[in-house]
Structure formats: structure tokens, C-alpha cells
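Some notes on the structure that comes next.
As written, the chain order gives the labels A, B and C, with residue 1 at the start of each chain.
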Amino acid sequence: MIAQGDNGFFRERTDTCVTDNGLCPGWVVDHLDRYTTPLLQHVFLTVTSVAAGFLIAGSLAILAHRRRWLVGPITNVTGILYTLPSVAVFFLLLPITGRGNLTAIIALTAYTLLILFRNILAGLDAVPADARDAGRGMGLTDRQLLWRVELPLALPAIMAGLRIATTTTVGLAALAFFAGAGGLGEPLEAQKAFKTNVVFAGGLCVALAIVLDAMILLVQRSITPWTRAA
Amino acid sequence: MTVLASVLDTFGDGLDFIVNERTGRGGGEVGGLSANGDLLWEHLKLCLVAMAIACAVALPLGLWLGHTRRAAFLAISVSNIGRAVPAIALLFVFFAFLGAGFANVALALTLLAIPPILTNAYVGVREVDPDAVDAARGVGMTGPQVLRRVELPLAMPLVFGGIRTSAVNVVATATIAPLAGVVTLGDPIINPSIYGEEGRLGAAILVALLAVATEVVLAGAQRAVTPRGLAASPRRRLMTRTRTILAALAALALMLGVVACGDDDDDGSAGGGGSSTQAAPTAAITKNAENASTTLTVGSKNFTEQKVLGEIYAQAFAAAGYKVRKELNLGDEQTALKALKGGQIDGYPEYTGTALLSFFEVPTKDLPKDATAAYDEAKSRFAEDGITAFPPTPFTSSNEVAVTQETADKLGLKKISDLDGKSQDLVLYGSPECRGRDDCLRGLQNVYGLKFKRFVPVDIAQRHEVLTNGDADVSIVFTTDPQISRNREVLLEDDKGMFPPYNSTFLMKTETADKAGPDLQKTIEAVNKNLTARVMQELNARVDLDKETPAEAASDYLQQFDLVSAGS
Amino acid sequence: MTAAHVPPSSAEPLEFRGATKRYPGAAEPAVDALTLEVPAGEICVLVGPSGCGKTTAMRMVNRMIDMTDGDILLGGRSVREREPSALRREIGYVIQQVGLFPHRTIAQNIGTVPELLGWDRRRRDERVAELLALTGLDEDLASRYPAQLSGGQRQRVGVARALATDPPVMLMDEPFGAIDPINRERLQNEFLRLQERLRRTIVFVTHDIDEAIKMGDRIAVLQRGGRLQQYATPAELLMQPANDFVRDFVGADRALKRLALLRVRDVDLWTEADIDFRLEVDGDGRPVAWIWPDGRRSTSVTVVERDDVLRDALSDLLQSQTQYGAVVDPRGRLQGILSVELIHDFLVPEAAAASGDA
């Protein structure tokens, strides 16, 4: 491929795949280590943001479930957060939270709130009314009803929301390098004219999204056995 | 509370950028309503084109598939796949394969916009009450009539929802279009060097407002086309809106409270330095434990050679035992100097010629022609500002005026003055700052009296590509670029001596340098010893041609020339 | 009889004392000063047209709806003084759609309240097994999910769940309303048999006067606006309706309805000796085939149970080929023979009394 020149430092460039900007698997193999840290950062950013979004949106959904008048305002506020472009949000947050992981995570979390809030709420709303009535009639308190009946029955919808939120966050986390938080966007942008790099880094993003999606689906299957019976 | 005050101050600057013009770092005017309005228009043009094509393609297809109930799997999967592909990756794939330019970026955005429109149109039609469709058929409507009069109106909310989602995505992604060579409202965010930090913030505010406005406008349009029977009552909407405003204010107050009382944690480093090595007998740089108490932040400007140099110095300092942080890829020289003076970085490699022209504004006729004289002049002027300019590198890397072999042959070009009389038919490409610099376009205009047909600002990284793909007739490149020989470019001789010598000298505030101790100068001199033009060119080739990282190239250099020991 | 692990609790009497529910802005109250007493161990049926407040009244007992006035006493204690969740754990609650938890197995569903009360695993499992047997369900249904059961099975699980802690009072809101008529009859009979063993105090809501007459020890007829029209035993209701409303509600076929009050076992049954047909039985004593006087053998045997109400038995007999029915006990063993003629003869004294005050 690349032969060493006279005193060992100067190279003779014989293979033209890379310099001609082609798709060079060999190059990828040689430089795999360049993508490991960004990949790990990407996973970290995605998981953290989705988890934070889940906690916040979940709490909001449980609140709004009983006090319906909250649904409209919460939907609108999270909707605005969803509309704001992440890149803009990174730089709007910059004066406040500086460069780094925190800024990126805040922006990514804000983006997931609408999706998760809507899905968790829809899941809770879809709980059969007679199961709820029977539960209350048997003596379950509101809290017991929520945790033992409503949330478990809302799980399919909640999981669906998690899957959507995760795949979109993987895509957005590719922009996190603007905020100084790394991620796969960093190597992607660093050599954006080099076809091999762009295809590989972009492909890693897609692969990550698929893997995380499948993992959530597996978890969903295992904790909702009743959806597969009958 | 002072944190809150400084934050509000910064936002004030950003808002000021939106309305008031000011002089940018490249010399031209930036900011202000009219300039930002132009950027806004470019942004909208791109988005409208992409949305128009996407709707034209995806709407009929989605509606028809939904109506005939075909290809369910495809229609739904296209959305799932679309969600998983990052917009930026799509943008860069098109950029890498098709190049820069409006058409290519618009194409990428179109592809981005299609999935939500397609899937929503499909689902919207599918979800229409089957009884309504049945009744319509029953009274004798044909297929297309059913679609037009029954299914489409009832599917409107979902169909429009898809258009809204796409529109917002497209507006957001158009923000990073400058990375692919199309200037939009995101330009100040992507290229802050010309616009400044307040430009960055101002543009971020504008982009956010644009996205929200898009959403609101389309939501209004959606309401306008939704059949009356399906709409929510206006009174409920008003109540919801009031509560929304209250909720948003509450959230904002909460955030401000957190900011006011919280800590401002600035995480600026991009990671630790390079090698921490054992002292090997053959290595020129050895670790001195005393240096560990000194932290040095190494910066660099934004092109390959600078990044490599920055890495070399950073790794060398780390090998000498200093604690090192890196802030490479800052921007142009003005940005870098500002960062140095402001304390954001402790040092960066500058060029003697650049310093003389851009910082000290030495007129062309007074520029020293000799490398040593140039260095001495720069050194004494920097010393007046309390900055130490360390001994320079052997190599000099000047701006060069380059043309392709074909152009040189066709027009008989050997020297820059050969362009006289011919330049008015030629297009010049250069970095955004080139326009106002005496060692770039302004110098060519003043010293050689050249007028070009058009000047196009482009990312520095593209300076050779624009020659090979024929966009540029003339481009500004650097002496140490490996692409020159590779692409067989011709460098025109500077017969009127417009360009000064450009040796690299490492700059640092004098007081920082004194605190760092004698190892600092020793390390820099050891590093500089082998940086000949040929070596620098090889290092550039490692990054530009072999697609290695600057860090890898720097590390190789330090090991190859026994500056640090192996095992880093 | 009852489970050894559950201390046999005695049923408690229930009393409505001027219980009223008034919704803000409504012209009439939903329940208007309802006053009646349900003796311990009896089934009180609340019946009436839709909107008469019967369900509201029932739901006031376990405070799913709170009274605006008056009181309800459970075993002498006012329900208003009890904490609602704690109160409800002592009251069995069965609703029309059953409301089983789809995400839990049948065993977990039945064990809901025991789990809330902190029973240990073993105790819960044993109680679940007992209740399955009690309600006629196969024990391997315990690990299935509600979606895998039929409507009738789910209904039984609902009853089992309500009985889990042997509560002193049970509330049942149209529990058999969503079941097809054939299974409804079976479930009603089984429930009555269960009640004979357990003798809980039950408030039973229905809109079906026939069901009310069949199931109730006492019946409360309610008019729109939650006003009590008559509170009496089924026989009294049929023979002495208090006013025109009750008379119309009960219906013009009061004579036939009387048949619903009587059961097969109340009749002195014939034996084979009284008829020309022979009844062939198998080794367990179960009827298998009729032998006609002319020697023909027919396996079409109409079977009625001892506990069946006479009206249902008459209906079955009218359809049979032989006009005779084989009466069996709960295990299917032959007890005697029933015929249309026999029923008529039995009723004659009743009919005479009825026509007397028509």
C-alpha cells in the first residue's frame, strides 16, 4: 500500500485509493482506533440524554395524567423545544453552560421530551377503563394503581416512544461536536470530503441506531409477556 | 448574580449583532438587518427548493400508496430508516460524492425531507375511517374522486404534520449547509472567525426564531386546511395558549434561577495531551517532573499545517512533563491572537509574515525580505505587547498564487504580473479573510493592480479542490501543500515581492513563558530543528492525502526524529 | 366448607340510611334518600330502568362515589368514617366488564388484594387454588393471561377475585350482563350455589327484572331520580306490587315469572313407575337414553337440574321429544322425572291464588 521512502520518514504513495478519494476498506481497518472514542462518546451522549428525557417526560406525564389541564401547556413547551434546531441550542446554551458534555446533553434531552411525553401519556390513557375501575374498587390507592396497573399496561407505548427517541437522538448526537462534546460527528466532519470516512462514520451512526433500537425491543419483549400470550 | 449579568450581557451582544452592522474580521461589513436578511433569504431559498421537490415527489406517492393500500412495509420503514440516518451524515455523503454547491446540498436536504412526508401521507390516508370511504364508493365516486373528496380532506391533519416535521428538519439542517459550501443563516455559527462570537450567538437566535416561525406558520396553514368538523375549539386553544405562556415563563424563570445560583463549569479541553513517556537515553526531550505544575493550553489556526504544528508542540510539551490542553482549530490569525491575549490559550504557532502584515500592518514596501530580518522585526514588535516570539522554524510557508498546468500553458503564466490584462476574465478562490488582506486579494489589487472577474470565499480545506474541479481559475495555496506536485499545479512567482517570509514562530505571553521555565525554549528549539520545508510538506501529506489525523502525524514526527521515545 | 387458612368471617348487615347523592347543577338527585336494610348473608338486588341511580347507590357503599347526604352502615359502622382504600379491601367488587388486569396471570389477578394485605406466597397460592375450584375453573388456568380466557371464564375469575379475602360484603354491578344467555344462566346458577355455601351479604345491580327475581332474596325497585318504589321479597313483589310503576316494570307475565321463583326440587318428582317410558342409566347413575313404549331407543334426553328454576325447566321440557325431563343432582345422577303436566298440577293451587287477586 504505502511504502516507506529513503530515510524511513518520506513515503512513496503508490496506492491511489485514498488520495483519489475512493472507498477504501483497507484504510478503515488501519484507522479503526480513530473511531472508538467518538463511538463511545456517542453512546454516552445518547444514553444519558434519553435517560434524562425519560425521567423528566415520565414525571410530567404522570402529573398530567391526573391533571388534564397540564397536557396542553406541557405539549406546547416541549413542542417548542422540539422545534429549536440543536445547533442553535448548543450556541444559545454556550454562554450559560460552556462547551462540553453538559451543553450537548441538555440540548439533546430537550429534544426528546415531546416524543416521550406524548407516548407515555398515550400509553397511560390507553389503559382499559374497567381495569382501572376494578383496581380502585378493590382498594388500590392511586399510587398503587399507577405503579401496579397503569404503568405496566402503558409499557408497550412507552417502549415505542423510547425507540423513536433513541433513534432520533443518535442522529442528533452527530452534531454534538459543535458543543465540544465529541461523538461520531467529529471524525465525520474532520474529513468531510473523504468518501471512505463519511460513509464509514455515517454508517456507524446508522448501525448504532439499529442496535439500540433492537436492544430496547428485546427488553420490551421480555418485560411484557402478556402481549405475546393468546 | 454576576454570572447572570454576564450571560445577559452576552445575549445582548448577540441581539446587537442582529440589528447593527459592524466590521468583520475579514474587512467587510457583517451583521445588521440587511446582511442578516440576505443570509436569511439564502437560507429560505435552500429550504424552499428542498421542500418543494420533496413534496412534489413524496406527497403523490404517499397518498397513492395509502389509497391503494400498497407497500405498507416500505412506507413505514422509510421513516424508520430516515430517522436513523443523521442529517449531517447525509449532507456530507452528498458533499463527498458530489462536491460543494447549492444543487448538491439541496438534493441532500430533499432526501432528508422525503421520509416524514411520505410516511405521514401514507398513514393519513390509511387511517381515514373505512366507513366513510365505503359510503363514498357506495354513492358512485370513482377511485380518484374518493381520494380527492373524502380521503385527502380527512387525512389533512396527518399529511400536514409530516410536512411540518420535514420543514423544521430542513430549516435546522440548512444551518450547517455552510460546511458544504452553501452560505446560509448558519454561516456565522460555522465560521465565527469573520463574524465574531456575538455573530455566532446572534445567528443562533435567528435560526431558533426561524424554526419556531416555520412551525407556527405551518401550524396555522394546517388549521386553515383542516375541515371544520375535525378542528379543536378556538376557546380551548386560547386557554391552552395562555397556560403555555405561563408554563414557558415558569420554565425560563427556573432556568435563570439555576444559572444565577449555580456554578459556571467550563469544560473547554478537548482531551489530554499526547505522550507521557519514560525518559529514554536517545530522546531529545526528557520529562522534567518540575514542569508538572505548569499547565499550557496550546492553540492553532484552522488549516492542516497549523493543526499539525499545534499537535507537535502540544505533544512535545507533554513529553517534557508539562500539563497540556489543546484548543486547536480556533480560526484565523485575528481569532488566534485574541485568544492568546485574552488568556484562552497560552501559545500558538504564528507566521512571521502574517504577523507583520495582519497584526502590525507594515506596509508592503517596508516588509523585510530576509527571513531572519522578518523574524527580528516581528519579535521586537511582539515584545512591546508583552508577547514572546520563540525562535522560528527552518521552513517558510508562504501564500502562493496557483493555477493549473493547463491554465498556465494557455495564458502563458509564470509570474504574478503575467496576470495583468488577463485577470479580469478569471475567477479567484480564497479563504473568507483573503478579501481584506495585504498578502492576499487586497495585496494583489494594490501591488499588482489586478482586478479579478469574481472573488469566491471558500473553506481553506478546499483550496486545491476548486482548481481541480474547475470552479476556480486561480486559487491561493501554501508553499508546503503536498497537493501542488500531486495535482501538477503551477505557482506564480512573486516578482514584485508582495509576500514576506513566513517562518513559523511559536507565540506565548512573556509572563507565561517565564513561569514555564527554561525547558520551554529548549523543547521548542528541539522540535523546530527538523521542520524543513520537505518535512512539513510530508506532514501535510500525511493528513491531507493519507487521511491521518494531525495527532498521528505529529506523533510520528516526534518519534521518527528521536525527539520523544517510543511507546507514546 | 370454607378454606381452612381463611378465618371464617361472618357476613355483616348493610344499611342505607337516607343515602343521597346530588350532582351540582342537576335538577334531581341521582339517589334520593335511599333507606333500606340488607340482613347479613342475603342478596339485595337493586333494579330499575337506566338512570334510576342503582349503580350510583351501589358505588356509594364502597365510596367509589361519595354521598352528599345520609349514611351507609356496614356492620353498624359508617362507611364515611373509613379510609376509602382500606374500606374497599374489605368489600368484594365485581363489575360487568370484569376489569381483569391484562398484564397479570389469573393467579396474580385473584391474589391482588391478598398481595396488598401482605399475605405470604404460600398462603396466596393455596387460596388461589381453592377459589379456582370454588368457581369451577381448571387449575391450569392459573398461569394463563386474561386474553387467553373466554368471556365466561373471565367472569368467574372476577368473582373469584372478589372472594379472595372472604369479604363480609360484595358489590356486583351487572356481573353477568356481558355474557351470552346460555352461559349467563349457568353462571347465575353456580353463583347461587356458591352463595348457599358462603352466605355473603351482597348488593346486586341489574336492569333485568327476571334476573332480579331469580337472584334476589330481597329486591329494591328504583325509579328515575333514585327514588325507592318498593323493597320486598320476590314473591311479594310479584303478588303485591306497590304501585303502577312497579307493576309495569315487573311486567304483564307475572304468572310465568312466578315460575322463576320455584325450583325443580320444590316439586314432588315422578319416578319411572309413573310413566310409560323407561330411562336407561349408566354405571354412575347418569341418564343415557329414553326407551319408548314401542321399544325405540332415543339418546336425546332432556336433563334438568334440581336447582333449576321451574320456568327454565318448563322451557326445556316444552322442546323435548318426550315431554319428560330427567332430573339430576349437581353430579348428574338421576333423581326423578319431571313433566309439563306435573308442573301444571303443582302450580294449580298457585294459579288459583294468583287469579284471585288479578
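General remarks:
The rule we apply is simple: a contact is a pair of C-beta atoms (placed from the backbone, for glycine too) under 8 Å apart; a residue touches a chain by one contact, two chains touch by 3 or more.
For clarity, every value in this text was computed on a predicted model and none was experimentally measured.
Among the other chains, C has the CA centre that is most remote from the centre of chain A. In terms of Cα centroid distance from the overall Cα mean, chain A ranks first. Distance between chain A and chain C, defined via averaged C-alpha coordinates, is recorded as 55 Å.
Chain centres here are Cα averages; for chain A and chain B they lie 24 Å apart. With centres defined as mean CA coordinates, chain C is found 78 Å away from chain B. Within chain A, contacts with two or more other chains are made by no residue at all. Contact residues on chain B toward chain A in their complex (touch as defined above): 6-7, 10-11, 80-81, 83-90, 92-93, 95-97, 168, 171-172, 175-176, 179-180, 186, 189, 200-201, 203-205, 207-208, 211-212, 214-215, 236, 239-241, 243-244, 246-248, 251, 259, 264-268, 270, 461-462, 465, 486, 534-535, 538, 541-542, 545-549, 556-557, 560-561.
Residue ranges on chain C touching chain A, taken from their complex, read 62, 64, 85-91, 93, 95-104, 112-113, 116, 144-145, 147-148, 158, 161-162, 171.
The part of chain A that touches chain C in the complex is made up of residues 128, 130-141, 144, 149, 152-153, 155, 224-226, 229-230. By the touch criterion given at the top, residues 2, 8-11, 13, 18-19, 21, 27, 31, 34, 69-70, 72-74, 76-77, 79-80, 83-92, 94-102, 164, 167-168, 170-175, 178, 180, 185, 188-199, 201-202, 205-206, 209-210, 213 of chain A touch chain B in their complex.
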